[in-house]
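Have a look at this one.
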Amino acid sequence: MPSPDTSWLAESIMARRGLAKGQPGQAYAITEASQGKYHYVYGPYATPVLTVDPGAVISAETHDAFEGKITSESDKPTEILNFPFLNPQNGPIYVNGAEKGDCLAVYIKEIVPRGPQPRGTTCVMPEFGGLVATGDTALLNPALPERVKKLEVDAVTGVKWNDKITLPYEPFIGTIGTSPEIEAISSLQPDYYGGNMDLPDVGPGAVIYLPVNAPGGLLYLGDCHAAQGDGELCGVAIEHPTVTTVQVDLIKGWKFKWPRLENERVIMTIGSSRPMEDAVRIAYRELVRWMAAEYGFDEIEAYMLLTQVGKVRLGNMVDPKYTLGASIRKTLLG
Amino acid sequence: MPSPDTSWLAESIMARRGLAKGQPGQAYAITEASQGKYHYVYGPYATPVLTVDPGAVISAETHDAFEGKITSESDKPTEILNFPFLNPQNGPIYVNGAEKGDCLAVYIKEIVPRGPQPRGTTCVMPEFGGLVATGDTALLNPALPERVKKLEVDAVTGVKWNDKITLPYEPFIGTIGTSPEIEAISSLQPDYYGGNMDLPDVGPGAVIYLPVNAPGGLLYLGDCHAAQGDGELCGVAIEHPTVTTVQVDLIKGWKFKWPRLENERVIMTIGSSRPMEDAVRIAYRELVRWMAAEYGFDEIEAYMLLTQVGKVRLGNMVDPKYTLGASIRKTLLG
Amino acid sequence: MPSPDTSWLAESIMARRGLAKGQPGQAYAITEASQGKYHYVYGPYATPVLTVDPGAVISAETHDAFEGKITSESDKPTEILNFPFLNPQNGPIYVNGAEKGDCLAVYIKEIVPRGPQPRGTTCVMPEFGGLVATGDTALLNPALPERVKKLEVDAVTGVKWNDKITLPYEPFIGTIGTSPEIEAISSLQPDYYGGNMDLPDVGPGAVIYLPVNAPGGLLYLGDCHAAQGDGELCGVAIEHPTVTTVQVDLIKGWKFKWPRLENERVIMTIGSSRPMEDAVRIAYRELVRWMAAEYGFDEIEAYMLLTQVGKVRLGNMVDPKYTLGASIRKTLLG
Amino acid sequence: MPSPDTSWLAESIMARRGLAKGQPGQAYAITEASQGKYHYVYGPYATPVLTVDPGAVISAETHDAFEGKITSESDKPTEILNFPFLNPQNGPIYVNGAEKGDCLAVYIKEIVPRGPQPRGTTCVMPEFGGLVATGDTALLNPALPERVKKLEVDAVTGVKWNDKITLPYEPFIGTIGTSPEIEAISSLQPDYYGGNMDLPDVGPGAVIYLPVNAPGGLLYLGDCHAAQGDGELCGVAIEHPTVTTVQVDLIKGWKFKWPRLENERVIMTIGSSRPMEDAVRIAYRELVRWMAAEYGFDEIEAYMLLTQVGKVRLGNMVDPKYTLGASIRKTLLG
């Protein structure tokens, strides 16, 4: 995988407004050993695994969403997995100076697969997924049979689906976010603080902006995917363990409600809700307001322009809330 | 308000399966002083205010949802209220012997209004309510103006709306539930453990059955309403402080996913989700399964019978999840 | 079945504002023979079976929703039924003087079962129903098996479910409405003109008010149910053929968007949409506007009062749009 | 605008299975004059404007969605437009030999803007759009003010938004479909037969496959857009009159429920429903079934592969049903 072009970063919001000016600072590693206990909730009740200054560059050994427990295609997920102890997270990382009303900027530098092959896992489980009856869409139909697929994942040669089909390695962070102020919410859920968004745009070369709700921000991350289609249809992407490297900056006083993202081409807002139209409404309203607050549009003009050029990316349609991103090309911001 | 007829209680599930056989045990009071700090999340991270045996009868001084801060019709809720510190809860109450997979049975004996008049409050707030744009149904329309209405609430004479209209005093507990296993979730939210269901059936004379997810069950309650229509349309019922008395029993090994309720006439299951049809699906699927597991129906027969006689009650259409109850008359269970 | 008390009718909106002042006029019968071809769409392209003046009292021989084709519990609906030729309707009835912007008032006088026993039918069909995957909630789960239940229906002794369970005979009109202006829409669908609402309140003793969209109004009706629970859960109530008698009046210039209903106790508005919360929003907004236009409330006051006393009835959660009614007791209108 | 590369067409499904083998046949023009009365419903009750054999190439003078009535930025849409007489359609075109259970293949050759400048129109109207309260999402908030924007549209230089922003001319057909069997449904609605899908993929270079429900198929089309973002957010894209040229073929016995599409890169299925997740479910289930029926996958394997590589395109989030397309790259079909 070629390194993404990073020249645009010098003009990013992180570089222009971050305390560290988007410059890399001290480097840290979170190994499996130094992480110790992984976390299954996003909340303020855990002890930070690291305390860092803005600019810190952190490489974390992430587990896959199943903590590596599914090792064979004959495994039965329903027998092996123990809800709610799913989707283990690294962190929390306490960022010095971060207070409610600030913003953590997290630049995703690199995602590298790790662990023995076949290191990729996807599966179909009962009452989970976008095209089956679930705990929420609670129906009487019989479930589909369980099925596990183990896949070789390589950063260069991609994900081998079968002898005829190979998928490109297009990794991203499935779950990343800050802590709520007083809640501790399952790492299976996406929400206003980030969490299990499963949005492929949250990959190398992007900066995600997360609202700070609790002191230090308390950044969590994990659940990296080697590939994923729009919606994460059966509920399980190509899950795999990685070394994921991010650079964290702090923007004081940049207050907004929902995660924002920037890459070389676009600015994006991210909404999570049910039904799905509410997630799109959140994302687009946040984008309208962002364009009005910082790019010189009035709200109705922004609304009318997005009608012609806005793009929507479906992240997940399987988690407790659905996640979508709404974006506009930077060149169309005038 | 006449006391509800309680003779049916001797035949209730609580009486038949509870460790205390539905008999009242030791009495406790939770005053404002003994409660001290009220809680804004349902979770396992708080210290119990009481530890009791099954059978305990507990009278709690509940605050209204605004902790009494709205005292005048000229108050501005947006200036006075401090999200997420809303909907204060009494508890948690640790019930000896309660383990994951058990059920807490909570019989609601009495709700008595307390505090100086006008002790009732309802209001319209921006971005909150069933007929306005909200944080989830995120739109660009201007908000409605804020409006507060203070009302005299009396257990005998009712709720005085204006000179021409008086509402009967029909109190219930807006928010009641057990703790999640590892999550700590806002008391504004209803979910599988109960919480902010805002379902009028949860009133004097009913027994609510709550799944135990954490040791001791950890019962919370608060947010009593003097009256409420189906859906709690503007988001704020007749909120009022009370002394609420419940009797708690423990049913070992009665495991189910969502709250259940029983009164003299019906058995009911309660679902909370979005969109609203998913909440109804949850409630009805739970009722089908209950009828199949304990009342001698096969699932399809139960499904077909509920088609003819099932009743649905809309609790709230304003909270983070909508809540509905599905019920069947006991006399139709054969 | 005792006749409903009709003394309140003299004070009904139909009596106060109808051209016939709510008085019965000429009587008509629509037999199977005089109806000839039944209809499967609500639209302006069919020839009226009757042309009447306001006040007309019409007794129609309705078919059941399956046109009587399911006669045995061993029948397979998927083999017998021929979509879209389902839910046959009597009509259309042309009401002299009715123009777009007017209102047809339809007082439901009586529903009497007819035809050989067992004349009642319910069934479970693949991809149809409230607790199964459907054509809209399109999933990969296997379907439930088909099942047909035939039942004896008697106006006095009720509906015999089995040896232990008998349901009261509580009939209503499942499908009734006027024609859209230029559309012709399946009789399986409920919408702003009425149609397949499957709302139990539309029974003897009620007056339903329907907006006129096309010249003559073009009233259709059919699909009477002997009993039905909230939501019509499996999609098929106790379907049965009847003689249904209605009295039609015309209110000039009473213009509104969605069906309204009145009985001795309440006024009700009816909304149909998806997701379900949108149907409730429609119903409640219409009720707010009605209270503001005709009962002396300002909109926010009506909104706040309905929060405390509004009632919601779930009609169907199985048709192309879900239907709910929102109501308030007349005694609470001040 | 360069002509799209059409070499792949020789391998298209239209070429392989169409009666005309994808070869262009006789050419026809539908002018404003020859069309005469445009249509506002998709149904079988109108007289065909053309009867053609498979292979016919038809150039139609389409109106914009407002039939050209909005000519100035000071116009008030609410005063000018006359619901339901909106979204005028050319057609219907009767294709000889087309019967229920067949498929019309429609290759979109070209869309050329016509009419005097500024020929493009977008606007904000009350109770219509994706970020405002509407007739379905019926709320009490005040409406946004009406606003009209007229724009110069040129096939080469694009759409001039303002002095700083120019949008590329990326035209497509907003509304296209066949007739339902017995219904006549507003041209504002998308559904299983096509209609007002507002999906940008339905542009030059694509073949859309439409199910035939009525004799002759009865093709309608209109409502071309010069540009549109995902979701058509405010409800009105860059509406403009065009000459649109399509080539129609007939595939006998290719029976499916929802529209399908093919272009050089992908195969796509299109679903329309509410809530939005149901539209995605429809599209993805149809794609799973297509892959299982014609590309050698079992259903669960297709489901798991789409989880990793499926793409979703949001067409509209403003029409009576929301429309989304689900697609997979042809190179990933193995």
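Per-chain numbering from 1; labels A, B, C and D assigned in written order.
The criterion applied here is as follows: a contact is a pair of C-beta atoms (placed from the backbone, for glycine too) under 8 Å apart; a residue touches a chain by one contact, two chains touch by 3 or more.
What you are looking at is a predicted structure, and each value in this text was computed from that prediction instead of being measured.
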Far-end chain from subunit D, centres as C-alpha averages: B
Higher-contact pair (C-beta pairs counted), C-D versus B-C: B-C
Where subunit C and subunit D are represented by their mean Cα positions, the distance between them in whole Å: 35
Gap in Å, rounded to a whole number, between the CA centres of subunit D and subunit B: 48
Length of the line joining the C-alpha centres of subunit B and subunit C, rounded to whole Å: 34
For subunit B, residues that touch 2 or more chains besides their own: 131, 137-140, 144, 274-275, 281, 284-285, 288, 300, 303
Residues on subunit A engaged by subunit C in the complex (per definition of touch): 131-133, 137-144, 275
Of subunit C, residues touching subunit D in the complex: 40-41, 43, 45, 84-85, 135-140, 181-186, 257, 271, 273-275, 278, 281-282, 284-286, 288, 299-300, 303
In the complex with subunit C, residue positions of subunit B that touch it: 122, 124, 129-131, 144-145, 147, 149, 159, 161-162, 164-165, 167, 227-238, 274-277, 280-281, 284-285, 288, 300, 303-312, 314, 317, 322, 326, 332, 334
